[in-house]
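Both complexes shown next keep chain A, but they swap its partner, so chain B is in the first and chain C is in the second.
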Partner chain A sequence: MSSFASEPALGASGLSSAPRRGRGSSMRTWRWSDRLIWLAAWTAGLLLCAVAAAIVLYMGYRGVQYLRPSLLFSHPQPSGNQAGSGGFLDPLLGTALLTFIGILLAAPLAICSALWIVEYGHGGRTRQALTRIVESSIEIVAGTPDILIAVFGVAIFQLHFLRFASEGSEGGGVTGRSFLAAGAMMSLIALPPLFVATRDGLQAVPTHMREAAFALGKTRIATIRRVLLPSVRPNIATGVTLGISRIIADTAIVLVLLGDELRLSPHPGGLPVLNVLRGAGSSLTSYVYDNSPAGEGGAPQKAYAAAVVLLLFVLLLNLAVEWIARHQARSSGSVAAGGFV
Partner chain B sequence: MNELEYAPQAPTRGTTPRAHSPRAHITYVDDPLSTSPQAPAEPDPQIVPPVRTIVLDRAPEPVRPPAQREAVRRALEADGPERLRLEDVSVAYSAKTAVRSVSLSIHQGEVLALIGPSGCGKTTLLRTLNRLTELTPSATRSGRIVLDGHDIHDLEDTALRARVAMVFQQPNPFPMSIFDNVAFALREQSRRRPRRPELEPLVIDALRRAGLYDEVKDDLHRPALRLSGGQQQRLCIARAIAPRPEVLLMDEPCSALDPISTGVIEELIHELRRELAVVIVTHNLAQAQRVADKVAFMYLGDLVEYGPAQQVFEDPRAPRTRDYVRGAFG
Partner chain C sequence: MQRLRKPWSDHRAELLLGAVSLSTGLVVLFMIAFVAARAWPTFAHNGLGWLGPGGSLKVQVENMLATSTKPPASAYHVRAWPIVYGTLLITALAVLLALPLAVLSAVFIVELAPTALRRTMIRVVRLLASVPSVIWGLLGILVLVPFVGNHLVTASERTSLQNTVQLTGAGLAIAVVLLTLMITPIMVALTCDALATVPPAWREGAAALGVNRVRAIRAVTLRAVRPAIVAATVLATARALGEAIMISMVSGSVFFSPRPGDGVAFLFEPVRTLASTIVDFREGLGGAPALNSTLYAFALLLLFSVFVLSLAGYLVKLPLRKYQVRG
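Then we have the complex of A and B:
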């Protein structure tokens, strides 16, 4: 722009010797409304940056001074004073486990329903009505407060036939609290962003791409597996991050459905991994809540340290997925190369 | 043809822009208005291909009596084994008829160009030939399309589309490597997945037949989307001909390309017709003249005229065809 404007005026007339800039090219000639919007846009953007920086810096400052590597590797101890309350290995593992279960359950559901909506849901008034119902149901799930989902989860997992998912209480009732129960409800929280990202990605794949595959004599499933899913992989990655960050951030479900035990408390007896899944535990968010002055723990230093770990977790996750998405976009020519085996 | 009489400065085909034509870039080998003291030989009434006169706002009536149909069919069969035969094919979207009872036959070794103004049903007809219209839920088809003696309605759509390949208007390579684009067409044809070493010669052969191999042989694993538009279109052709189809459908394959790439692809069509029947939809009359052996002119869903390219362009029998090839409308 500027190089173009600063070029000497072409033409033989010589009427304008000085380089002229067109009207509107400099802010000085802008209309007032344009200037106002410009100012508002910059202010809003910078303000948000400042808020984000304040959160990260404050939590970082408070957290890092109490953060010791040993905290990450030691179990929490029930103790009255901060010095004896141990680390937060268990909540860390709890968060990771919940995320894993949640995404594992949410991803196939979300991807399949997005595929159904975009690839199979056209044509026929009934099918269109059905797709609309599915989409609004997912919107309802997305809009439900997590505490409601948590309470609903307790109601579900206390049903007798789901007792395998959680540990029983002494009286023979079902507590409905376990990693399985909490993870299943977490998947509901992670599902909407995953679904929306996948659906939008699929809708953005041009029709001629599908037609090209069909014209080669490919079946629908081959088209989906070889052409569509590879091209929406960055969208799915984005959806997964959004889902993960929602799971990590959630506190209500953990407090209600995970039992909120300081340590992982495997279900007595049973298979080695399954008993952890059936047992109770805690996550970083519930740990922060419990140990903050708001909770009962009274170990605010540990809460700050755990909070900074939580924050780093989320930041790293965002960076990682952004990198994956960008890396795949860059080599979009060969996204599917690995898909052929 | 006394080209030299009225175009002395341009002895080659089609280089005389006509001032009265709204399409000044399209030129005609032989203009029936300016020449024709020697009338072209009356076509034998026994082998006259179909002609319809069209009166606007009225459904056209066939000029030719149906008794001649068999004779026409035999006459047209002369140049190669018949691959596709269309019998009374009509296609409608909901209530709107897009193609009205078209009968045609398509032979190996010939290029059939479908020409006609926009919205006349050319592309719909083309997409009917590999049943791609079925992807549009509202589309309905009647009549018979016979591929090598089998009604395509009875063939599985995937099997049919491997035998009747298609190249689209917009180059649409998949976001994969060049190799995988072609290999994708070959894989899953068989139950057992062929491995890379088995595929490689087939892929290279297809790329070579599409005239692309020399340009890409250094790196077959480059993303296909980094190729130029013309290369992408040739890649799409390679992809289409890799499974050795019998018919190749091309939907305005050059309309998104520059003249040089267009020339390359037209050369390629000339080469390909030896082993395939080619059906090409084009808006570019000069292109139809350059590549086609047979031309079918469609108007408002009707097949108005079908015949050897030279005849349709130089001595069209339907007035509407004459108007169109002279650039009077469309």
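Then we have the complex of A and C:
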């Protein structure tokens, strides 16, 4: 995790260092094995470009074919044929809700961890050991596949004392499936990129800024609030964007933890907003899965339409990360956040 | 209230931040403990034979579903080898294909591509890395599966296997190809980051000795980042092991172990992995106790493998620090 998220963005600097081709190094003098590798490298690079172009163009074509604005604003209907199966308003709302819960839980956790590790983590064996524990557990969470996080979520939210978070089933058991459960697990997906972006931002703040604040008599926590947090705001924004793109792309957690319901199905009774959180629903990803031949529904046109919307979101979030990084580099000249991926 | 209004003391702030931070550690501990506890009955009934071959997994799962709340000991009987084999097969093939593709593309991006193309390539890799797995799966099941089923699977292959398994096109080959494309961007990103930190002087030294660019890459640059390439491979392996959705969509979802003896048809035989089985039987989590426990056992095995791989990735990267090459 740290490895690819902690690096400065490629292309910013340091890459133009390959030796220029001079006279006498024309490819005609190369050995065959060298020429072969050169050719293979070009092929591999262009192959990746071709795959990406194929995906974007094909999905774009399907989008033009099947995506209608009305789909975005109509509820899904249980129906055998594709014409009558409605749109995906509820999955869209579900994705938004999950993103909201996930980021709401992940952001404080990630920012606090980053602050604690960078600003308080030095000095003393215990502190170093504790910070190492926190860093490596975040790295473990980053490496854990989403399906395992989902399974863990079921294990937690089926505990009896957490039954308030999801619907009960007939046998007196707890389903463990609800927006709260899925959103809580989504926060684990969003945590690592948020943490890494914030930590790298804090580490890039020059020490003299802290020292100046201390010299003015500010405490450490006041320095954090008045100096450090404002200056790492773009990094946090990058982290949040990366976290959002992780959450909206995730399928396994939704399938396992949200209960396969086409529409938002609020828990009967209770307060108007909280009962939605306790209820089941769907997201764009689970809608795509369920409408593909892999799920029960045979509505590939709807699946394509929803997948196009999903891909558009992902592309926009990618652009947003790039935009934030460029903006930050221009305004402060400091290291851009985010890393390669 | 009055106390909260006052500016925080450093000590209190530190305690608060530290307490919040350590909760992630707790989550990881809970994750291992809970999954292990739920998986325990399966291991208690099967012992180490759990991992071995024997019997039909399909029949065993049906047995588990047939027993409801109070399963007899016999219901726990399971031999998970078919899906463990499927997981190993798909992962190994995908990583083997992705490794050369990723290293060559990384070299292309950092060393060979013209500047404009390099920028495009970085965007392309980022895009490929962020395509959701459900979209890969959708393209697989709606585009690749019909194509393979209609054009690549021959009638003779179909008839020769018709008594054992139905060849629809969904199976090993498509899963491996898509998985390769999904893990390649991760490996490219990690390798690129490492390549970018190789000191320019090393390349210049090679150039001064009169070798051409490709030779310098082979002899100096790639050799310097070898640990990073291994680390990238290890992390990509972990990612491949855990991929559930895409494989559940395109691999046919049948308990079957592809047999290399079947020739080309081997590539088109359906397969299941640990992760995709959990997705396929997700309704069983919290349902019939025997199946529930078995699914948690699959998850525990995956969790364990992923932890080992993360640790290996960390250890492999250690030598890089010696050269102050970050990886």
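By definition in this document, the second predicted complex is superposed on the first by the 266 of 341 C-alpha atoms of A that agree within 3 Å, B and C clash if a C-alpha of one lies under 4 Å from a C-alpha of the other, contacts with A are read in each partner's own complex, and residues count from 1 in each chain.
Keep this in mind: a contact is a pair of C-beta atoms (placed from the backbone, for glycine too) under 8 Å apart; a residue touches a chain by one contact, two chains touch by 3 or more.
Quick caveat, the model's predicted, so the values are computed rather than measured.
**Student:** Touching A:231, do we find chain B (first), chain C (second), both, or neither?
**Tutor:** After superposing on A, A:231 lies in contact with chain B but is clear of chain C.
**Student:** Identify the partner contact of A:152: answer first if only chain B is touched, second if only chain C is, both if each is, neither if none is.
**Tutor:** second
**Student:** Once chain A of both complexes is superposed, is A:124 in touch with chain B (first), chain C (second), both, or neither?
**Tutor:** First partner only.
**Student:** Would you mind checking which one, chain B or chain C, touches more residues on chain A?
**Tutor:** After superposing on chain A, more of chain A is contacted by C.
**Student:** A:215 contacts which: chain B (first), chain C (second), both, neither?
**Tutor:** Only chain B is touched by A:215; chain C is not.
**Student:** Is A:273 contacted by the first partner chain B, the second partner chain C, both or neither?
**Tutor:** The answer is neither, since A:273 touches no partner chain.
**Student:** First (chain B), second (chain C), both or neither: which does A:29 touch?
**Tutor:** In the superposition, A:29 contacts chain C only.
**Student:** Does any part of chain A touch chain B in one structure and chain C in the other, and if so which residues?
**Tutor:** Looking at chain A, the two contact sets intersect at 219, 222, 340.
**Student:** Write out the stretch or stretches of chain B touching chain A in their complex.
**Tutor:** Checking each residue of chain B against chain A gives 130, 132, 135, 137, 157-163, 165-166, 168, 170, 172-177, 180, 183-185, 187-189, 221-226, 236, 239-240, 243.
**Student:** Under the stated contact criterion, what part of chain A meets chain C in this complex?
**Tutor:** So the residues of chain A in touch with chain C come to 3-4, 6-7, 10-11, 14-19, 21-22, 25, 27, 29-31, 34-35, 37-38, 40-45, 47-49, 51-52, 55-56, 58-59, 108-109, 112-113, 115-117, 120, 130, 133-134, 137-141, 143-149, 151-152, 154-156, 158, 171, 173-176, 188, 191, 219-222, 224, 245, 248-252, 255-256, 285, 288-289, 292-294, 300, 303-304, 307, 310-311, 314-315, 317-318, 322, 339-341.
**Student:** Help me check something: in the complex, which residues belonging to chain C touch chain A?
**Tutor:** 7-10, 13-14, 16-18, 20-25, 27-28, 30-31, 34-35, 38, 69, 100-101, 104-105, 107-113, 115, 117-135, 137-139, 141-143, 181, 184-186, 188-190, 192-194, 196-197, 200, 203-204, 206-207, 212-218, 228, 231, 235, 238-239, 241-245, 248-249, 253, 275, 278-279, 282, 285-286, 295-296, 299, 302-303, 306-307, 309-310, 314, 317, 326-327
**Student:** Which positions of chain A touch chain B when the two form their complex?
**Tutor:** Those residues of chain A that touch chain B are 122-124, 206, 208-219, 222, 226-227, 230-231, 331-337, 340.
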